[in-house]
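Chain IDs A, B, C, D, E, F, G and H follow the sequence of writing; residue 1 opens each chain.
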Amino acid sequence: MKRKNHHPQGRATGAEGIVSTGRDAEVSKLLWKDEDRPFARIDVSRTRRRGFPEAIYCPGKTPEQVVSILLAQHESGATPVLATRADLAMLKYVLPRVPGSYYLKQGHLIVLGEGAAPLHGGTIHVISAGTADIPVAEEVAAVAELLGNAVERTWDVGVAGLHRLLDRIEHIRKANVLVVVAGMEGALASVVSGLTHQVVIAVPTSIGYGASFEGLSALLSMLNSCSPGVATVNIDNGFGAACLASMINRSMAVR
Amino acid sequence: MKRKNHHPQGRATGAEGIVSTGRDAEVSKLLWKDEDRPFARIDVSRTRRRGFPEAIYCPGKTPEQVVSILLAQHESGATPVLATRADLAMLKYVLPRVPGSYYLKQGHLIVLGEGAAPLHGGTIHVISAGTADIPVAEEVAAVAELLGNAVERTWDVGVAGLHRLLDRIEHIRKANVLVVVAGMEGALASVVSGLTHQVVIAVPTSIGYGASFEGLSALLSMLNSCSPGVATVNIDNGFGAACLASMINRSMAVR
Amino acid sequence: MKRKNHHPQGRATGAEGIVSTGRDAEVSKLLWKDEDRPFARIDVSRTRRRGFPEAIYCPGKTPEQVVSILLAQHESGATPVLATRADLAMLKYVLPRVPGSYYLKQGHLIVLGEGAAPLHGGTIHVISAGTADIPVAEEVAAVAELLGNAVERTWDVGVAGLHRLLDRIEHIRKANVLVVVAGMEGALASVVSGLTHQVVIAVPTSIGYGASFEGLSALLSMLNSCSPGVATVNIDNGFGAACLASMINRSMAVR
Amino acid sequence: MKRKNHHPQGRATGAEGIVSTGRDAEVSKLLWKDEDRPFARIDVSRTRRRGFPEAIYCPGKTPEQVVSILLAQHESGATPVLATRADLAMLKYVLPRVPGSYYLKQGHLIVLGEGAAPLHGGTIHVISAGTADIPVAEEVAAVAELLGNAVERTWDVGVAGLHRLLDRIEHIRKANVLVVVAGMEGALASVVSGLTHQVVIAVPTSIGYGASFEGLSALLSMLNSCSPGVATVNIDNGFGAACLASMINRSMAVR
Amino acid sequence: MKRKNHHPQGRATGAEGIVSTGRDAEVSKLLWKDEDRPFARIDVSRTRRRGFPEAIYCPGKTPEQVVSILLAQHESGATPVLATRADLAMLKYVLPRVPGSYYLKQGHLIVLGEGAAPLHGGTIHVISAGTADIPVAEEVAAVAELLGNAVERTWDVGVAGLHRLLDRIEHIRKANVLVVVAGMEGALASVVSGLTHQVVIAVPTSIGYGASFEGLSALLSMLNSCSPGVATVNIDNGFGAACLASMINRSMAVR
Amino acid sequence: MKRKNHHPQGRATGAEGIVSTGRDAEVSKLLWKDEDRPFARIDVSRTRRRGFPEAIYCPGKTPEQVVSILLAQHESGATPVLATRADLAMLKYVLPRVPGSYYLKQGHLIVLGEGAAPLHGGTIHVISAGTADIPVAEEVAAVAELLGNAVERTWDVGVAGLHRLLDRIEHIRKANVLVVVAGMEGALASVVSGLTHQVVIAVPTSIGYGASFEGLSALLSMLNSCSPGVATVNIDNGFGAACLASMINRSMAVR
Amino acid sequence: MKRKNHHPQGRATGAEGIVSTGRDAEVSKLLWKDEDRPFARIDVSRTRRRGFPEAIYCPGKTPEQVVSILLAQHESGATPVLATRADLAMLKYVLPRVPGSYYLKQGHLIVLGEGAAPLHGGTIHVISAGTADIPVAEEVAAVAELLGNAVERTWDVGVAGLHRLLDRIEHIRKANVLVVVAGMEGALASVVSGLTHQVVIAVPTSIGYGASFEGLSALLSMLNSCSPGVATVNIDNGFGAACLASMINRSMAVR
Amino acid sequence: MKRKNHHPQGRATGAEGIVSTGRDAEVSKLLWKDEDRPFARIDVSRTRRRGFPEAIYCPGKTPEQVVSILLAQHESGATPVLATRADLAMLKYVLPRVPGSYYLKQGHLIVLGEGAAPLHGGTIHVISAGTADIPVAEEVAAVAELLGNAVERTWDVGVAGLHRLLDRIEHIRKANVLVVVAGMEGALASVVSGLTHQVVIAVPTSIGYGASFEGLSALLSMLNSCSPGVATVNIDNGFGAACLASMINRSMAVR
């Protein structure tokens, strides 16, 4: 991972990747390939700005790129560095080449570095409608834990057997933030929201078939919830839900 | 409403409109316009074949056509004859010209003739998620009553306040058939189905905005229900739901 | 499949999974993984509440999960326990590990336990438009039989050769409930409904290509049927159609 | 309707609008507005090339433009000149300003000039599923008649009462070409095609509601017909269907 | 607004509308029409459960219903009671009949009763991309203020002139929660999220034309934001965004 | 392929599969599996009724079923019997088991039996926009030839190089019927129609990427053609286009 | 249109609306309503940055807002200031209140101030497929002229009569940039691109019906053009096409 | 690759493939298979007419066809000849059979022949939002370079870390044309356009998941850009973007 100082497309080394969009100078770090142009610009100031570092979305990236970015982020001090949706081939290539990295199977996450310091106070409660939604729900839970949150999990409480949810509802009401993960008709988000006082972050999943149209049905349900206070993220976007939940939980915890 | 006997496109009067698709001869009755060709073929044997007469779907028909079809069906012995989704202009034209007809405002129905003989035994319970769903829910209820069924109504028990439904659930469990009418995310169909032992006929409504896409969200929710035993009809199709519910209720009642 | 009694997320063993949503206490049974949290909550009272036990939808579940749930449901007294849409890998893993389980090839079903007691009286008649629709149609038929219904099958009577249907129509009219399974333009549901007096449960299939959009064309056809009395389920949802048909048939038979 | 000879954007008068795309010179005639540029280029050789003249699709055109184009086409010898989908305002403006023009109410057509010479031999049979489909079906029939074809009409034979169609089927089999006009689920096209030996031109209509999505359901049904030999045109495109039917009928008749 | 005690569909007055879904008894209050059945069930315990009272979504409800629900909620102690998306006819009917009610023109809100007690501490900053997005943005701001929040507004800082946003960014960074309201391509949500440390609640609007498909373009943009920490609500759903923002702001303020 | 005479679901052998839907008795022939119910009903009278025999659409059928149906159709006298869209596995299974069958690689067709007797007179001209559209175009051409038509082929004359089409246009104008096969934007159908006097049968293909949405773009183009006289079939439906073209060509040829 | 200096949401007057995103300071000017917050931020440096001033998209803005923005932009020195898609009510309110403003009927534009200085050299040639596309095509032409370009217009050369285009093609080849405006199937863009050497800016219009889905068909056609060198803008986006064409033409002319 | 002179479908050799659509004779060259009909018509005059030769889109073509077309185009003098989207199997077949051909891995391009002569003057600057968008962005860059343009690349400057873009913006402003390549929400196109004075060619990519619907989200964003001057091409259409950029750059450079 060399770095070329004199390429016409680049800038002087010292000045590279520093710009101000307000109070502080924002920094980026360039990763070079073939000595001539950077294929990635690490957003070094992301943690300071957003509260968590950049994550690496694996699909569409080469294993070499993932390795480079993991190492560069780690060098920049970001921690934990996460690579999401890593498949088996990615996993086999990356782990041996990135010392200290490990794999969280449930959430399909490659992790490098320490998790964030634990927050004091509240928990994030992640709730899944079905057993098949667990991989996405675990992505939520694992990322939230790595960002320092205490996490509770309640799996398989879909509305076809509502007593399973009611059985847990008092416990669920104790959390700071709720994340509901559901495929098919996605009704669980509205039902949980109607029974509780917290923000509900709704994650539609692609579980289903036919007219679920790979998650569209659950997505529309959540966007159209008759219970105000439901915030929706993209289909299967466990990572994004975890960031949102962590931001809310952190804002409640830090004082 | 004359009838032309010798048009080359027609058939001999006696034989017209009679054909066998099985055991019995099926009969249709032609309505003629301008002396030369029929604009409608009344399905005279519909009640015998399906258990209820043809209904007249008003949109796209002229008021003159609606009057003619109402009168002709009545002459053929069908009762009650229903014209659905009649707007104000239709209403004002039709009622004075069709003796004995009246209007059911809640269900937007023009009715001619006696309702069907009352069934003994069970009830159909119609449940609406919101107050804005009542017009469709009333179309279900009114048509079901005209077809001879006892009907119960429970309005405004959407999942945003689940206790409203649970408060009624014992009563709802006593019916023979359930019809759930809901717009927005349509979650109520799954929830009711999960709590009861009956067939749930689900009617998505076009109530909602934005990503409800005029009922698509509720429709997809109902089709993807995680609780088996939910039968879906078209968006806002109160009439069809009432026919289905009545067919099931009737089959349980007649023995 | 151990069970952890003292986890903070759980509840005391005796009280676990019991809640009332009305007259009776509803019971669920938790399946634990890794000693710390349940990945499934078996809805033990489903049969009492809905009339048939939970089925296990295989896609998205691990083979280990499917084995656990099959065994747990069986222990809870549910019978028959069904796992739907099992592919070959699932099959090879599950059958040797679940004593007494067997495979119904036509319907892609893993079955454990006795079928429901036979109903007296009517039959469910399952009708497919084409030979390629048979796998879904067989899922309907097999599940309905396991739920205790007598089932008739009429395959390959699509509307391109209408006489094939008319040839069978007298026989079809003898059933209690009809299920029509069709892909492509799905016209068969309307045609059958127009010729008979029964409820028609319509199952669109994903058979087709191009503008069938994997079953959308047939689904829309069935929802828009000009013949009232057609109840639609999700694309390829043979299991759901069988449950609906069985609920209706049972309600007619028990008296 | 002046004509400007010397505008820099134009060409010399004699040479204007003549080009060869093969054997013959194709001619167009320019309509000028405000002395400076043409707003329309009448395709004078359309009848020679396609067998029927350009029709004027009214929506989106000003009444002044429709009058100009009608007159110009008539001067060029085209007959009959048709303006389709004329609403009331268009009608009131155009008829008094175009001597000899008249209105065909059923098909929403403004007509100028003689119909084409009658063809000898076969007929086009236009079949509508419902009474509400008649306006589109009449557009088919009226245009086909103006193009010189003998036309038969069979209205209101939707599949909900199949005997109505079977009652007419022997007569329908005598035509040269069939046109099926249907909204809602559009099943009639497949059914007619399966029962006859002719080409079926299928016209989906926007009649329906909810999941008919303004004709999409019928359109998809017709495109996915399980009976080969169904040719589909755009939703509500009665004019296009008439042209197709006339081209086929003409090719059979001229020999 | 009478109340019927002895209707067979109802329950004894004292017991009506009270059920427990956990710790506390949830209460609903029935509104009766025509002495025989309730058209609405006021969710009396909503404020206690969710932190804000039910709002009345006007479209699809009759003016009489809106008046009844406003009065009944007010009697139950809910405050402020809001009726959203009231058009002119609704306004003219409701205001004279509901003493103390008034209209917030910018947000299309009818308000009855005091706003919630002011929160201490942070603000909600509402940001609109264009001037045409202001009505939705004002719905956010007005509802948030009525729920007790301090609100800042920054209008017309769309990404076509990015300096307008950068000019305000230091000020925006001081808020507790951000709400971004944008139509067309909806890019502003991602850009604001990338520049700040707060949760961004993204409200797509139906402003746009052509391939904006009435807000779909902005909705998809927000769901696919490359910057984690964006929570999306339905198109034009200013009310829902305000509730979410208020829940987050409140949780940060109360300690 | 045994045949069971006494199954309760069947009918007496002699009477099986014969029904009248008009002038003639229509015949079907049942194929039995496992001695108890037929998986296919061969439409023996298809050729007499439609002019060409049933074709076997391979996807979704088992190789065993395809073999059985091929043999049964052949026994019934249908010729040529075609199985469309046969993949390699199907091919390898079927050919050795069906004596006399062969494979037309270009059109992915398995053929059994003689082609239809050659028609006298006109040709069908098949035109493809690109080289990648040839497989579908060859399906058109091969089926049309097997149905007895003389066929001309013009490949790779897409509108990006219009002179390639103009170079052939005089020759194209000599055919009886035109079939245009195009993916991507599908503009070729309108252009050919505008230049010629024949019916244009338009076949959209799934060739393209991105916003072609697997043929949707070409399909919509063809349905919206500004040139009347374009008849559209399903995406990639070469077989259907060939049947249509053959029906038209035959009707012109037989006199 | 007062201006408030001391509002807490604002900034000091001198510093307001100035920020650097590179070389130069970008300036915005705030429009205040009700003394307390700005409803618009005029992008004063737009012309310097993009080459043309901000245009005011009227739909969704109040007439008062349009007047304020027109006047403020004019004061800031922008010229010409354009308000697009002004309907009659907007027109009647705005013109009397904005001295010097006038209306270009063809393009639905309100104009204030001088057009840009004429460019030397090339022309932009705007081509419409049909007469009904002229309003959008005139928006292109009028805006391009106001931005200083010489514009040629060729209307009504749709591909149904290709000779009309070929007749003009030599003239069209002389322009610097081409803009093709077409609804329905939008084939003209590909055809023009295939015949010329220039960039083709393609504007789909909402002209059409049924499966044109309000411009979707033409939009997809243009995006999928088989001829490289076609750049697509939003449906009916005449303004955007004019800006693009002007940017290209200007870059060719200034040297 | 023989050539057949006397086939009835062909024309005399000398006259083949030459037609005039204006000033010059356009030439095409036929590639023959099996001695009897051409499978491709090389558009020999493409470079003269459009400024760049035909490219070969590999998907859907056989390797044999790709080899033939590459060789034939090269013989005709076109250079460079490009085959786009070549997968590994294509690559392995083609390279050994086409002397002088080579592979550009980044852009998935097979290249034969010299690149175009370098242009003098400006550059095309290609900008990608993410690392995963690089393959499409490299297709843009590589094709543009082969067409003679100087190209700059800036990768990974998505709006989640806006300073990365601002850091490069002065450099970006020096180019003649900008190409923005982005998946997910595609916001980068609007942001770049708002900050610069050049035409922005926007290339949506299929990078993303869930509600990105394989590039639809980015495509709609770019079409709805609030910043005029954005020209959109098909999803992942790097080749088309390069041609557009080159046409604009060339027109600025040649003078």
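Just so it is clear, a contact is a pair of C-beta atoms (placed from the backbone, for glycine too) under 8 Å apart; a residue touches a chain by one contact, two chains touch by 3 or more.
Predicted model, so just to flag it, every value in this text is computed and none were measured.
Touch-path distance (fewest steps) from chain A to chain D is 2. Its C-alpha atoms fitted onto chain E, chain B is found rotated by 90°, rounded in steps of 5.
Chain centre most remote from that of chain F: E (centre = mean of CA atoms).
The two sequence copies chain E and chain G touch through a face in which the numbers common to both fall below half of the numbers used overall. One finds 50 Å separating the Cα centroids of chain D and chain E. Per-chain CA centroids place chain B at a distance of 41 Å from chain F. As a whole-number value, the distance joining the C-alpha centres of chain G and chain H reads 28 Å. Here the spacing of chain F and chain H, counted between their Cα centres, is 36 Å. For chain B, the set of residues touching two or more other chains reads 21, 130, 160-162, 166, 193-195, 210-212, 216, 219, 223-225, 227, 234. Under the contact rule stated at the top, the pairs of chains that touch are A-B, A-C, A-E, A-H, B-C, B-D, B-E, C-D, C-F, D-F, D-G, E-G, E-H, F-G, F-H, G-H.
Taken together, the chain B residues at the contact with chain D in this complex read 9, 11, 16-21, 26-28, 37-41, 43, 45-46, 54, 57, 59-61, 65, 69, 204, 206, 214-216, 219, 234-237. In the complex of the two chains, the chain C residues touching chain F come out as 130-135, 152-157, 160-164, 166-167, 171, 183, 207, 209-212. Residues 21-23, 49-52, 55, 166, 169-170, 173, 176, 193-199, 201, 219, 223-225, 227-234, 239-240, 243-244, 247-248, 251-252, 255 of chain B are the ones touching chain C in the complex. Against chain G, in their complex, chain F makes its touches with residues 129-130, 158-162, 184-187, 190-191, 193-195, 208, 210-213, 216-218, 220-227.
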